[in-house]
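In the two complexes below, chain A is the common chain; its partner is chain B in one and chain C in the other.
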Partner chain A sequence: MAKITFPPMGHYSPAFATLLRELGHEVILPNPPTKETLSLGTLYGPEFACLPLKICLGSYVESLERGAEVIVTSGGVGPCRAGLYGTVQREILKSLGYRFEMIVLEPPRRHPLELLKALHRLDAFRRAPWQLVNTAFKTWEMIKALDRLERELHRIRPREAEKGSAEAVYKRGCRAIGAQDTVAGIRKAAEEALADMRRVPLDPSCDPIKIGIVGEIYVLLEPAANLKIEKTLGELGAEVDRSIFLTGWTRENVVREGDNQTAREAAYPYLCEMIGGHGQDTVGHTVMYARQGYDGVIQLAPFTCIPEIVAKGVLPSVSRDLDIPIISFFLDEQTGEAGFRTRLEAFVDLLVRRREQRRLAG
Partner chain B sequence: MYFRVNATRGYLGLDVGSVSTNVVVIAEDGTPLTTVYLRTRGEPIRAVQEGLRRARQDLPEGFTVLGVGATGSARQLGGVIVGADVVKNEITAHAVAASELVPGVQTVLEIGGQDSKIIIIRDGVIADFAMNTVCAAGTGSFLDQQAGRLGIPIEELGEIALKSKTPVRIAGRCTVFAESDMVHKQQLGYRQEDIVYGLCQALVRNYLNNVGRGKPINPIVVFQGGVAANAGIRRAFEEALGTEVIVPRYFDCMGALGSAMLAREEMERRRRQGQDTTTAFRGFSGSELDYKASSFECHHCPNRCEIIEISCDGEVLARWGGRCPRWDAVSKDQKSLTLAVK
Partner chain C sequence: MSVESAATVKSGPRIGIPRALWYYTFYPFWRAFFNGLGASLIPSSPTTKAILDAGILETVSEACVPIKVFLGHVNDLREKWQRGEIDMLFLPRYVSWQGGLIFCPKFLGLPDMVRYAFEALPPLLTVRIDRRTFMGLWRACDELRSRLGATRSALVSAYRSALRAQAAHERRLRENWRPTESIVGVRRPRRIPTENARRPLRLAVLGYPYLVYDEYVSLGVLDKLESMGVEVVTAETLQAQKKQLRHPEQKDLFWHYSEMVKTVGYYALSPTNGDIDGVIHVTAFACGPDAMVNKLLELEARKEGAKPFLSLGLDEETGEAGCLTRLEAFVDMLRRNPHRVVR
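This part shows the complex of A and B:
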C-alpha cells in the first residue's frame, strides 16, 4: 500500500487510477499539466530533452509535493530516447532530494517477463499473475470506453450547432466512465455517454473536411503538449482522426475490409526501417489516410525528436505521390498559440478550397 | 500612395504585422486606390489608427467602405478596432493577392520582418505552404541588424549588393555565426559589396533550406514582403532558382491587398446567399476614438493566462488570451466577433 502516481496522458488518468487502486494503492492523480508544470519541467530537465520528458518531470514534481511515494511510468525499446526517460527522471528527482520509488513498465511484446515482474511488484497483495486478469480486463475496458467516446467527440465537434456542447457531454461522460468499478458499469456508462453525444444538436449545413493526425504518441495524446489541436481544428470545422489511441483500436477500424494492411506495411515503400519512436507509423498512417480519401494530414512531433525528423524528410514524397497536403508541427515550450493557430487556419483554408475546386472539376 | 479619384466605393484591407502595418483600399473592380505603409513599432493600435487617418486623406470625400478584411499577426486586435467583416490568416491573404496581381503564379516567396513563408499555388488555389518555425535568421530583422552593423542604411543594401562580382561566402544558418563570419571577412579585407551580396546569398540559402525544403518551386515565381525591396536578395533568388523572380508593384502591402480582396469575396458570398451585407466597419472616425488595451492575469487555475482586454471609451469590446472561454464573452456583439475571427 503506497501513495502512487503516474505521468499525465490525455484522458487516460481514470483508467490508470483504476488499475492502481485495484492493485491496492492510494492514487495521487496527476493534475492536468499547466504552464506551471512545464516551467518546473524546463527548470529541472536537460535543455535539449524533448517536451514529453519536461511535461512529465514537471508533473512528477507536483505529484511528489502532494505526497506521492511511488511513480509508475512506461519504458521503451529504443532507438527513441523516451525508453530512458524513466531513469533520467528518477535521477533528476533524486538529486532534487525527493524520496520515492520509480517503477518502469516495459512494453509487453518485447519484454513480457519484465512487465509481469513489475506488475507483481506493484501488486500490494502479491497475487499470482492470473489473479490480476480481471483487473487488467477492467482497465482495458475503461481505456476502450474512453477512446470510443473521444472518437465520437472528434466526429461530432465540427458539426455541433452550438460551440462547446459536444465537449461538455464528453467531459461528463469521462467522469461517469471513470467512476465505475465493474466492467458492466463501464460498458453501461459508455453506452449512455455515446447516446448523449449522438443527441447533441447538429448544424445540418455543416460539411467538415477530414484531417488525419500522425506523429509521436505523447504529443498526440496529451492536449497540454499539442495546444489542444483537436479542439482548435474541430472549431475550425474539421473532423479529426488521430492515428494513435492507446487501444490500438484505430488500426482495426481504420483498415478497410480486404485491406489488411498495417501502418508499418503501408510505410514500407517510403521507410522500410524501424527507426524508433513512431517514425515509421507516422509515414504509414499518412499513406493510409491518403488512400482513404482524407483531405489532409498533420504531423505532430516534439522538437528535437529524431524519428519524427526522419519521417518529416520522407513525407514530401508521400504528399507528391498520393496527392495529399501535409503540414508538420514541431512542438516545444511555446505558449504563444497565435503562430500555431495561423498555420492551422491556413491549412484548413487550403483544404477547403482544394476540395471545392475538386468538386467543381467533378 | 494615391492612385485614382473617380471611385467612390470600395473595400478596405488591413495587415497588422510585427514590423509594419498596412492599409489598402481597393475599388469594386479590385484596383488599388490607396496604400499606406507604416512601422508598427510595438504599438499596433496607434499604427492602425494612423493608417486609417492616412488612407482617408487619400480618398475622396464621402467615400463608402463596403467591406473590411483584416490579417497579420495582430489581425484579431486590428479587426476589433476597425470593425472587420472577415479576419483571415496572412498566408491565405498573401496567396490571394499574388494570384490576382500575377496570373499563373505557382510559387510565392514571402519574407517579412519576423517571418518568412513559401506558398505553392496550383490553378489559383494554395496547394501547399510552409512558414519558418523556430528561428528568424532568414528574415528582414536579420538583414536589418547586419546592415546596421555594417553602417549601411537598409534601403541601400540591395544596390550595394548588385555591384558585387565575387561574393564572399557567409554562414547563414544563424545570426550569431553570420555576424562572426562577416567580421572575420571584413578584417581579411574583402570588399563591402562582396560581403553584402554574400549575406544576401546566405539569407536565400537559409530560406530555401528551411522554409522551402522539399517544396516544388516552379515558375512563375513571385517574391513579396518587405524584404523584396532588396534587389540583392532578388538576384540571389534568381541565381539559386535559375528562373526569373517577379516582384509585384505592391510587394510590401500584399497582405492588406489580399485581405481587401477577401472582404470583397465575403460580401459577394453574402449577397449571393441573400445574407446581410452591411459592413461592420466602424468608420474612419474610429481613428479618433480612444482605444485602450490592458491585460491582467487570471488566477482561476495554475495556467495563469494573460487576458488582453480591448476597450473603447470605457466599454469593453473584446477579450482574448485565455485557454478557456471564461473571459471570452463580453456582450452579444462579442459573439459575432468570435464568429468572424473563426
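This part shows the complex of A and C:
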C-alpha cells in the first residue's frame, strides 16, 4: 500500500480515486490546478512543452509535497508528444530531488508486457478477478455518470433563468456521485442529480446559438487549462457541445444522429493520415458539427501542440467548404482570462448576427 | 551542380523537390530513383529571406520555422512551375523510414497543410512512405513509377541505384561530410589550425538536419564555428558510434530525427567519451519534439562530469550578431578550461 497520486483531469478525479482506492492504495487526490500549479510546471518544465505537461508537472510537485510516493500516469507510442510525458516528468522530478515511483500505463497493443508490469506494481493481480471487474465497472459507471451530468449542464446553462444556478446543482451532483461506492448508488445519485438539474428554472425566451468545441483532449477536459470556456460561453448564451468526453458518449450520439460516420472518416477528405493526438478528430468533428447545423466551432489546443497545428492548417478549407465559422485558440500559461473572454464574446456576437441575417434571408 | 544540369538535358518530366526538411537526408535517394525512371529532379533554390517570408505568409502562425521554410520552398517551386521550369512537385508523406520510428506529426500532415495553404499548385506527386509495412518503400516507389508511366523493368534498376545512392550518402555523412557536399559529391577541404600543440576544440553540433544544414536558418552556425578554429561533428557523424549509444533506462523517443539527436546527445555528453569538448544543441523555436529532447539533454548535462552544453534556439527573428556572441562565449569558455584533454 502506497500513497498514490495521478494527473488532474477535469471532473474525473473522484472516479480515478475510487479505482485506486479499491486496489488498496491510499490516494492523494490531486488538488484542482491553480495559477500556482501552472507556475510550478512552467518553472520546471521544458519551455515549449504544452500546457498539459506543465499543469500535470506542477500538480505532481504539489502532490509529492503532500506526501505522495507513487505517481500513476498514461504512456503512448506517438506521434503525439504526450507518450513521452511520463519519462520527461520523471527525469525532471528526479532532478529536483523528489523520491517517488512513477508507473506509466502503456497502451496494451505495442507494450503488453510493460502494461502488465505496471498493473502488477499497482497490485491489480492480488485481487480476485471478479473484484477487478467490479472495480473497473464501477469506475466506468462513475465516469459515465459524471459525463452525463456535465452534458446536461452544458444544455441547461445558457437557458437558466438565474445565472449560476445550474452550476451549483452540478457541483452538488458531482460530489454526490463521487461519494458513492456501489454501482447502484452511483446510478441513483446520477438520476437524482439529473432530475435536480432539470428542475432548474429556465428562461423561456432564450434561444441559444449552438457552438461545437473541438481540439486536444486535455485542454478540453481540464477547466484549469481552458479557463472554463464552457462556463463563459454558457453565460454568454451559447449552448456548447464538447466533442470529447472520456466515455465517448458524444461520439455514439453523433454516430446515431448522423450517417454513421466516425470523426476519422469525416476528416478523411481533408486529413487522411493519423497524425497523433486529436488532430484528425478535430477536423472530423468540425465537419460533423457543420453538417449538423451548428452555428460555429471553436478549436482549443495547447500552444505548440503539433497535431493541432496541422489541424489548424487544414481547418480554413473546412470552414470555406462547409460554410461554418471557426476560431482557434492556442492556450498557454500566458493566456489572459480577459483577453480570452473578449475574443469569445466577439465570436458569439458574430454568430448571433450571422444567424439573424440568415433567418431574415429566410 | 554537374549532376543536376546533366539530368535536365533528358526529356522526361521535371520534378521539383523542396530543399527543406527531409531533403538533406533523402535527396540522393530520390535523385537516383527519378533519374533511373528517366525523370529529373530539380530542387528549389537555397533558403533566402524571400523564401522564408513567403513561407511565413502561407503557414499557420503557430508552426515552427522549419515548416515555414518548407512552405516557402514549395512557393518557390510553384513560381518555377508558373515559369515553366518544372512539371510537377514531389511531396511525399514521410511516415516511417526505420522500423518503430515515425516522423514528427507535422511531417505526417505536411501534404495536407501544403494543399490547403496555396491556391494554385503544380500537379502533386505524393506518396505515403511507411517502411513499417511489408516492403513499404518498394511499394511506394512502385506507385510513383506508375504515376510517371515508367515500366516495371526500369523500376528495379532505379530502385537499386536509389538504395545504393542512399547508402553512399549515409556513409559519407558518417565520415563527417555535410549533406550539401555529399549531394554534389565534392568535399570542401577543411583546415582547422592547431593551437600550440593542443588539438583543436571538437564540438558536437546536434540538431535536426533541416535546421543544422540550412545555412540561412541556422545562420551558418557550422561555418561560424569552423572559422573560430573549432572542429565540428554532427549527429549523423556520431551515429557511427552506434554501439555505445544506448541509454539503459530511458524510453525511446518515437520520432525519427529526435531519437537520433537524443541518443547521440547522451553519448556526446557522457564523461567517458574523451574526444568531444562540448555539445551545442540547435533547436527551433516552438519545436514540439525538441521540447522533450532539449529537456532530456539539459538534465543529462547537469550530471556529474558531463560535457558543457549550449542550447541554441533559432527562429525567424534570431539575429546573427546575438547568435555569434553566444557561440564565441561558449567557445572561449571551453578554450579556457584547463582540464581539456591534450592530444
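Methods note: the second predicted complex is superposed on the first by the 340 of 362 C-alpha atoms of A that agree within 3 Å, B and C clash if a C-alpha of one lies under 4 Å from a C-alpha of the other, contacts with A are read in each partner's own complex, and residues count from 1 in each chain.
FYI, a residue touches a chain if its C-beta (ideal position, glycine included) is under 8 Å from a C-beta of that chain, and two chains touch if they have at least 3 such contacts.
What you see is a predicted model, and the numbers here were worked out from it, not measured in a lab.
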item: Touched partner set for A:277, first chain B, second chain C, both or neither; value: second
item: Chain B versus chain C as contact partner of A:112, first or second or both or neither; value: neither
item: Which superposed partner A:325 touches (first chain B, second chain C, both, neither); value: first
item: Partner chain(s) touched by A:303 [first = chain B, second = chain C, both, neither]; value: both
item: Touched partner set for A:350, first chain B, second chain C, both or neither; value: first
item: Touching partner for A:84 - first (chain B), second (chain C), both, neither; value: second
item: Partner chain in contact with A:164 - chain B first, chain C second, else both or neither; value: first
item: Which partner, chain B or chain C, touches more chain A residues; value: C
item: First, second, both or neither for A:129, with chain B first and chain C second; value: neither
item: Which of chain B and chain C A:201 touches, first, second, both or neither; value: neither
item: Set intersection of chain A contacts, chain C complex versus chain B complex; value: 303, 313, 316, 330
item: Residue ranges of chain A touching chain C (in the complex, touch as defined); value: 45-50, 75, 77-81, 83-84, 86-88, 91-92, 95, 104, 270-277, 279, 303-307, 309-314, 316-317, 330
item: Chain C to chain A touching residues, read off their complex; value: 59-60, 62-63, 93, 95, 102-106, 108-109, 112-113, 116-117, 128, 250-251, 253-255, 285-292, 294-296, 299, 302
item: Contact footprint of chain A on chain B as seen in their complex; value: 73, 88-92, 115, 123, 125-131, 133-134, 214-216, 301-304, 323, 325, 342
item: Chain B-facing residues of chain A, complex; value: 31, 34-37, 164, 228, 235-236, 303, 313, 315-316, 319-320, 325, 327, 330, 332, 338-339, 342-343, 345-347, 349-350, 353-354, 357
